[in-house]
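Take a look at the structures below.
Look for chain A in each of the two complexes below; its partner is chain B in the first and chain C in the second.
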Partner chain A sequence: MDLNFNETWLHKINPTLKLFTMILMFIFVLFVHQINWLINLTFGALLLLLVFSGHPKKRVSLLLIPFLIIFISTSSSMILFGKGDTTWVKWGLVHITEESFYRGLHLGFRALIFATFGLTFALTTRPVNLFYSLMQQVKLNPKYAYSFMAGLRLIPIMIEEFLTIRNAMKVRGVEQERGLQAFYFKIKSYSIPLLSQSIRRAHRIAVAMEAKRFTGERDRTYYYKLGFSLNDGIFVAYLGVMILLGYYLSVVWPLFPVGDVRY
Partner chain B sequence: MNRGLKLTDILVTIVIAIGFGIVYKLWGPLYYFVKPLGLHIDQLIYGMWFMAATVAYLIIRKPGVAFLAEVAAASGEFLVGSEWGLEVLLFGVVQGLFAELVFMAFRYKRFDVTVVSLAAIGSAVGSIIMDYYKGYIEDLALWNLSLFLGFRIIGSILIAGVAAYYLVKALEKTGVTNLVRPASKQDYDALDQ
Partner chain C sequence: MIQLDNLRLKFPGDGQLLFKDLSIHIEKGEKVLLLGPSGCGKSTLLQVLSGIIPKSVEVPMKADQFQQPPSWGYVFQDPDSQFCMPYVDEELAFVLENLQVPRIDMPDRITALLKAVGLHQIDPHTNIHTLSGGMKQRLAIASILALEPEVMFLDEPTALLDPQGTEDIWETVKAISADKTLLIVEHKLDHVLDLVDRIILFNHQGEIIADGDKNKILKSYRKTMKEQGIWYPGVWQDYLSSRPLKNLTPSHTDVVLHLNHFQGHRKKKPFISVEEATVRAGEWIAVIGENGAGKSTLLHALMQFIKTTGTFEIHGTPVKKGKRIADHLTFVFQNPEFQFVTNSVFEEIAYGLRLEKLGEPVIRKKVLELLDRFRLTPFQHHHPYHLSMGQKRRLSVAASIVKGQPILLLDEPTFGQDSQNTFALLEMLEDYQQAGVTILMVTHDRNIVEHFATRVWTIKNGLLSSDVHVRVKEHAHA
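And then the complex of A and B:
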């Protein structure tokens, strides 16, 4: 599997700033109830992901497939069962109204914009840089940051262990059975060894870190030094323009003839 | 007795949480493939996303562990690229906080299935509050909303409450929990004899 990508300006943004700006965007979007505005914002976010993530278009498109399923599944309950007055279809329990339809669509776009920002962050941020930055910019306790970085390093070992257990069961001829009891057996035979080994390993790492005089003091030196740059300004400006332009366009060229989607 | 979190506690909690983070991530596709079945059947499996808090608390039995575990699991899920993106991070914070508050209400002294189930309900309430702001759930027809809430709470009791309790019980037999739990009164009494 080829996982190469180009570093773009999105990769060079300060990770803490990126995280906090995106959280602010999240909260902001929760207060956007105009569907036309939200659609414009979503396009702005998608543009950022598709053009500037530095990953091949094919990979980004593949990662976008689940988003469509989420879009449909998030909007469908509200479209089919939401409150509304202008009835379009009524069939048994299903009651589609104009209001519920647009509200459902709004929820779909909301899920889409959150997912897009999340994927953009995940694709353009190295976890190690994020934790170094959190220690330096917002004084996150090094105990937590280093625990996290150590924990992330254990993921491949967990996967390897999972495969080992599976192979061991195969070799010993454990039969694949169906039913609730077999399901319970399966869960137990994987989760218990995986959990207990992870706990033992984490315990050993902690002991080793303390033996090497890791104290978790905030006053320490850092191998990677992270600061701010012009890219941070570009990022914040992009989001600012996106919000304002999105609002302007939603007023001038509304896609749907509705305003507030709340009932 | 020092009740604060030591490096060992933090590291073990975070490693458990990252394990759950992967489960959370894999749970996503399952959730949204069940969802189109309609009638909120998907809500019955929602409780999986509260499990890190209760399992970590039962293993380590210290204040702050439930919150840390849930936040760490959500961060892990977020960093590997969750389909829900940023949402999971904020849901994680709220769910962890509510579970932690339940354990705090019992002064971190009870570790039975009732308390854990209550914590699971706490997390469910936290997630419902978030959904209230995010999903306009109050605008669902009443019968549909009740189904949604009922299934989510039942699911969380079964998965994050009962299943988590028995999982840790099975884990105790391996002896690994003795590594990380604080010494209890029984241990001190055993020394006196």
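And then the complex of A and C:
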């Protein structure tokens, strides 16, 4: 399962730095209560994803669909049922107020910006590089780093096995059964062979790794040396400018005539 | 080089010792083949000699004296579970990192290692997942060469490979092992015999029954090896000469399967095409061709696992999407475990009948009959996963065929099986064929093609390129 993409400067950022900056951004966004500012930040993040991720627009848009659904579902429940004083619509349980409307939108954008950053990170970071970087920059124990990398290798193998089992179930006629009991039976027939194969495989890989003299100790050399570069500076600067410019624009040209959305 | 005296070893939970006072001495530069029936503990012994047991796999053991090899490398059986990194270069780098080789030396070392095992034509940064089984095993050899071992342990490295892959592996091992000590466990002796000079033969109890020059052992213990299911050279001749003559010509004439401009699609592209083919009841069709030519895809297309176009008729009725194809065709997968859905051998066979809502006495009668035919009666209360390789395979066939489908598709059913199990399975399939069941079987084994098939389909680049009815071979004693 190899995806084709162009390597951009976002791919060349030090993965550890990228990870921690993103975590900081997540925390920061939690404290942004101005809806206009948050919307500007979201656009900044989307720009980063759409223009610089190096993946085809079609793929990125497809991946964004589930997150748009999250946007709609999180904001709509707050808009329709949230508290507020200035009533716009009242119809049975549904009670839309000005305050709940803006708060709903705010929540939706917060979910969207989280998703955008997360997707940007996932699309521009090779797990292998991330773990090499974590071992080198923050001295992650190689035992854990290599366990994760070996585990990631099992995923495509498991997908393949899942498809084989599905075909095997068709042959056996498991698929034609209906009802709750059959559902439980199906779960069992898929999970037991998948798990038993994976456990066996994981054990064999572990033995093979030790047979190749892996000790899990820290004194080792690294095939990939991951350091810092100008790209890291650009990335941090981009986020900095995004925050400041976003704030400035939200003051000069506010999209909505509200400030703090908290109630 | 290696000296082990009076080894005693027992797996927790087993009733008896796997090894009782076993001693083994290996000199420097010797090339030794360990032979014995499956389950006799050959692989366990390799793991003890290398130190994997008890260092990585904890098993209680004790020995009077044990001199371990100074440096060693171990090639495992399963190509898919001995790598921890996604790319070829990263996997080799993993070993070099463990040895603390400086980073600047790594690319050259990686290139040299790949060259040593004949993988220099591929880009080092290739995804391991895209390699064939044979290439993966050669990569495994390359990664242990990085350890610069004096002793190499090879634990059935070709068990899951096709004939071409097997040959490549032994060529590679031959090329790199001139000054090394080799300890090999292997069931298929065809190519490995040129390589070794000493054979150690085990029995079911894990005792050494013979140890010495390969030619002597091969000559004097032929009968033992036959009983143990070892693929020694000439096993097919011995088998065929001991077998009663059978009339393999299909005696039925009704058409069961008709294909016309039939295509199987994957990712919206045709992956397998059959111009025109008519199959009659009781035919045994061997589907052959190179790796990746589309043999398995053809079976998948017939089973409707993938999208198909063109004419596809069973008994004159077109197969329609959504219809229960499994009532007419049945499929036996390479890995039998994927097909098991219940907790006991009896229930496994009964499953298909229970879906039909048949009465208990009918089910019981039918299941007992199949258990008997596939020699599984003593194990009917076992969990399917607790069976041996050969028993699992027989169970998967029995469970697939229980509804009496007229067409049986098999994807390399003899893969990784010892000779005894292979012959037993082939004879059971032959009985079905005599009864009018049509068999389509993907195989790499020339002997099966020659001695069992009545018709051979060759797949080349996703096309059924040749369709030959083979004359029935007379395997007379003369």
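Here, the second predicted complex is superposed on the first by the 260 of 263 C-alpha atoms of A that agree within 3 Å, B and C clash if a C-alpha of one lies under 4 Å from a C-alpha of the other, contacts with A are read in each partner's own complex, and residues count from 1 in each chain.
Following the convention adopted for this analysis, a contact is a pair of C-beta atoms (placed from the backbone, for glycine too) under 8 Å apart; a residue touches a chain by one contact, two chains touch by 3 or more.
The shown structure was predicted, so the numbers you read here are calculated from the model rather than taken from an experiment.
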item	value
Contacts of A:196 with chain B and chain C, given as first, second, both or neither	both
Which superposed partner A:67 touches (first chain B, second chain C, both, neither)	first
Partner chain in contact with A:244 - chain B first, chain C second, else both or neither	neither
Partner, of chain C and chain B, that touches more residues belonging to chain A	B
Touching partner for A:122 - first (chain B), second (chain C), both, neither	first
Partner chain in contact with A:26 - chain B first, chain C second, else both or neither	first
Touched partner set for A:219, first chain B, second chain C, both or neither	second
First (chain B), second (chain C), both or neither touched by A:152	both
Which of chain B and chain C A:208 touches, first, second, both or neither	second
Chain B and chain C footprints on chain A, overlapping residues	150, 152, 188, 196, 200-201, 205-207, 209-210, 214
Chain C residues within the chain A interface of the complex	50, 52, 55-57, 73-74, 76, 78, 80-87, 89-90, 93-103, 106, 127-129, 143-144, 147, 300, 303, 305, 324, 326, 330-331, 333, 335, 337-341, 351-352, 355, 385, 399-400
For the chain A and chain C complex, residues of the former touching the latter	2, 128, 146, 149-150, 152-153, 156-157, 161, 164-165, 167-174, 176-177, 185, 188-189, 193, 196-197, 200-201, 204-215, 219-223, 225
Sites on chain B touched by chain A in the complex	6-8, 10-19, 22, 28-29, 32-33, 35-36, 38, 40, 42, 59, 68, 72, 75-76, 78-90, 133-136, 139-141, 143-144, 148, 167, 170-171, 174, 176-177, 179-180
Footprint of chain B on chain A - complex, ascending	22-23, 25-26, 30, 63, 66-67, 69-70, 72-74, 76-78, 80-83, 93, 95, 100, 103, 106-107, 110-111, 114-119, 121-123, 125, 127, 130, 143-144, 147-148, 150-152, 154-155, 158, 188, 191-192, 194-196, 198-203, 205-207, 209-210, 214, 216, 261-263
